[in-house]
């Protein structure tokens, strides 16, 4: 069960918006927009994606990791925490 | 004139691919994919966007900043370097 | 109670190593080392600091957040998760 | 010749300050400071290091890359730009 079920609609809306930003970038490059202005939009799209990641992460901690700790044994909880930490590491290095 | 004119097609292809990744993310959330798997794809899409940024930046330095230094006076070159540095700062903090 | 008590010695050693890297950077700048070589070392020191952050974060989730979920009510657990997410956001934007 | 010669003193001062921040982190861990407070300081130290990197990068572009473009042939300029872009890529992924 996905941990983000309570904010699925919000996440889908955010992803639509990012998709629009990427299409906007395509248009900017297609019409030879000045590099720095394109880069500014790349930064904005990256920030929007990172914000999606943080919402997913918070839901994951509040639901999936929460459930592993509340229901499961300590081994399952440790595994969930390690898995979440690795996901955070990938986000920080992206 | 955009500094990336020689690799415009490559940039447009890369952006199409990122757009596909974002649509893939939408599908994953829509079908309740496990949070960590969605996060892994968010990291991949972010990395792809950062790669677009680095290609834009290299073209910008090799063409726009290059031209400002080769043709322009020292004031124009300094302004271009400051502008590029600010764009890099935005990318690092995105 | 700090969540990292079981790996305090390891964290202290890692921080000593980062301190050594910063002193190394000071020496490099003091002896006019080529910019790119200094930047490579700045990246290495940043990576080492981020690694300290990830260890702290994993301990925090495995102990403090774990305890809030296991012992506390749901409000306390939610507060801990929100606090951790904000810390992750600061690390991603650093 | 290092590109940062005009702001060497400022860079050395900034690095001293980062070194102090790392020592402060050591003290915080040594005295069992709450994880989240330590993480906040790790973010601050990382930000300070990234700021050192941006200053180095701006000096490098304004002096070393500038000189390669102004004096050297186009091959040397391209090599400098590629080298700078790789350094930026390392900083973004740190």
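Chains here go by letter, A, B, C and D, matching the order in which they are written, and residues are numbered from 1 within each.
Here, contacts are C-beta pairs under 8 Å (C-beta built on N, C-alpha and C of every residue); 3 or more make two chains touch, one makes a residue touch a chain.
Which protein is which chain? UniProt says A, B, C, D = Transcriptional regulator.
As the structure is a prediction and not an experimental result, all values here were calculated from the model.
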Note to self: chain A (Transcriptional regulator) rotates onto chain D (Transcriptional regulator) (CA fit) by an angle, in degrees and to the nearest 5, of 180
Matching A-B in over half of the residue-numbered contact pairs, the equivalent interface among A-C, B-D or C-D is C-D
Distance from the CA centroid of chain B (Transcriptional regulator) to that of chain C (Transcriptional regulator), rounded to the nearest Å?
27
Please report how many Å separate the Cα centroid of chain B (Transcriptional regulator) from that of chain D (Transcriptional regulator), as a whole number.
21
Multi-partner residues of chain D (Transcriptional regulator) (at least 2 other chains):
50, 53, 57, 84, 91, 93-94
Provide the residue numbers of chain D (Transcriptional regulator) that touch chain B (Transcriptional regulator) in the complex, in ascending order.
50, 53-54, 57-58, 61-62, 65-66, 69-70, 77-78, 81-82, 84-85, 88-89, 91-93
Which of the residues in chain A (Transcriptional regulator) end up touching chain B (Transcriptional regulator) in this complex?
1-5, 8, 11-12, 15-16, 18-19, 22-23, 25-26, 29-30, 32-36, 38-40, 42-47, 49-50, 52-53, 56-57, 59-60, 64, 83-84, 87, 90-91, 93-94
